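The letters A, B, C, D, E and F name the chains in turn, as written, and every chain counts its residues from 1.
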Amino acid sequence: MPYVNIKVTGGKEAPTEQQKAEIIEGVTELLQKVLHKNSETTVVIIDEVDMDNWGIGGKTVTARRTMK
Amino acid sequence: MPYVNIKVTGGKEAPTEQQKAEIIEGVTELLQKVLHKNSETTVVIIDEVDMDNWGIGGKTVTARRTMK
Amino acid sequence: MPYVNIKVTGGKEAPTEQQKAEIIEGVTELLQKVLHKNSETTVVIIDEVDMDNWGIGGKTVTARRTMK
Amino acid sequence: MPYVNIKVTGGKEAPTEQQKAEIIEGVTELLQKVLHKNSETTVVIIDEVDMDNWGIGGKTVTARRTMK
Amino acid sequence: MPYVNIKVTGGKEAPTEQQKAEIIEGVTELLQKVLHKNSETTVVIIDEVDMDNWGIGGKTVTARRTMK
Amino acid sequence: MPYVNIKVTGGKEAPTEQQKAEIIEGVTELLQKVLHKNSETTVVIIDEVDMDNWGIGGKTVTARRTMK
């Protein structure tokens, strides 16, 4: 019955459909293995966040990627 | 003053503008009726989540809809 | 399959066990009625937030309640 | 190490790239100043929410903007 | 840089300190393996939710556990 | 009308009542100044997260504080 929300950068860094399926399967298995949670009712939601809308260290990811 | 966040599947399963208005009105009334909360400051945010990004039972909704 | 998160003030304003059950039942029914969502897999999580930790209009709820 | 999520209306009311950068910088500085948190690991995520999907006072923002 | 939030039932069903450490390690590794995300900046937050405050199928988990 | 959620470590690192009031006031002012948002309806919720429940770099904050 757990609920999981995963936020990653989107746009050109967005995960593929295949990668999203692997993450959903992997997290669900992990919670089943470690906490014995029922996989059938485990919910996972992935949010893809625009790089202009994600900040770390006081700067947007867009600005950080440009600086490198 | 309550804050409510509702996540539903989007894309071709997305709620219509009318349905979203009904949900917002209905949740706000429910909290007023049960908890006597001030409707004027009740906030409701609806997120429409892509079916590739929503997993249940270890699989994406996209994969589950295809299996049926 | 919807996921709902409801935040209300806790502490001495916290909803009772009965009120929480009514809210969970009411929101689940509303989503079934308006969006034809499967009630069996609808998840509702209620967070009770301390009045020192909730701000509106730039002030904590604790401060606002005192002012009245 | 704090995590901050800010939701604002999007669409024609969406913040510009410059405004998003200012908010990310401002919140990060505030948490550094008040709580002495390490700015380098402070994460800020801004969500732009469609006006049909945001309700306040039991009505969508779309409906409220029209009424004025 | 991903951000992960995991909600599980708390109280007498709460994960142990050891289980929480395993979940944090496991999710971080999964995102590193599948998406090549930097483990050093991956954030995972676990919320333990009271069984009165978690509803599924229109009933609280407390009520469902009692029915069994 | 913005909604802001801030998560910081709790327990012995928890912000004081005064610090929480300053953060709520500061974030509300920032959104008013940068985005011209109405302060009266800006909502800020602060979550204090147990150090066993917060992971970064694959380890709990509890484990990281001990290593130092």
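Following the convention adopted for this analysis, a residue touches a chain if its C-beta (ideal position, glycine included) is under 8 Å from a C-beta of that chain, and two chains touch if they have at least 3 such contacts.
A quick note: this is a predicted structure, and the numbers were derived from the prediction, not measured.
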Chains touching both chain A and chain C: B, E
Smallest number of contact steps required from chain B to reach chain D: 1
Farthest chain relative to chain F (centres taken as mean CA coordinates): B
Chain at maximum distance from chain E, centres defined as averaged CA atoms: D
Option reproducing the contacts of D-F, where over half of them reappear, out of A-E, A-C or B-D: A-E
Separation of mean Cα positions, chain F and chain E [Å, integer]: 20
Distance from chain E to chain D - Cα centre to Cα centre, in angstrom: 26
Sites on chain F at which at least two other chains make contact: 1, 3, 7, 27, 41, 43, 45, 54, 56
Chain-chain contacts as defined at top: A-B, A-C, A-D, A-E, B-C, B-D, B-F, C-E, C-F, D-E, D-F, E-F
Complex contact set, residues of chain E against chain C: 7, 49, 52-60, 62-63
Complex contacts: residues of chain D adjacent to chain A: 17, 20-21, 24-25, 27-29, 39-48
Of all residues in chain D, those that touch chain F in their complex: 1-9, 15, 19, 22-23, 26-27, 30-31, 34-35, 37, 41, 54, 56, 61
Chain E residues touching chain D - in the complex, by the definition given at the top: 1, 3, 41, 43, 45
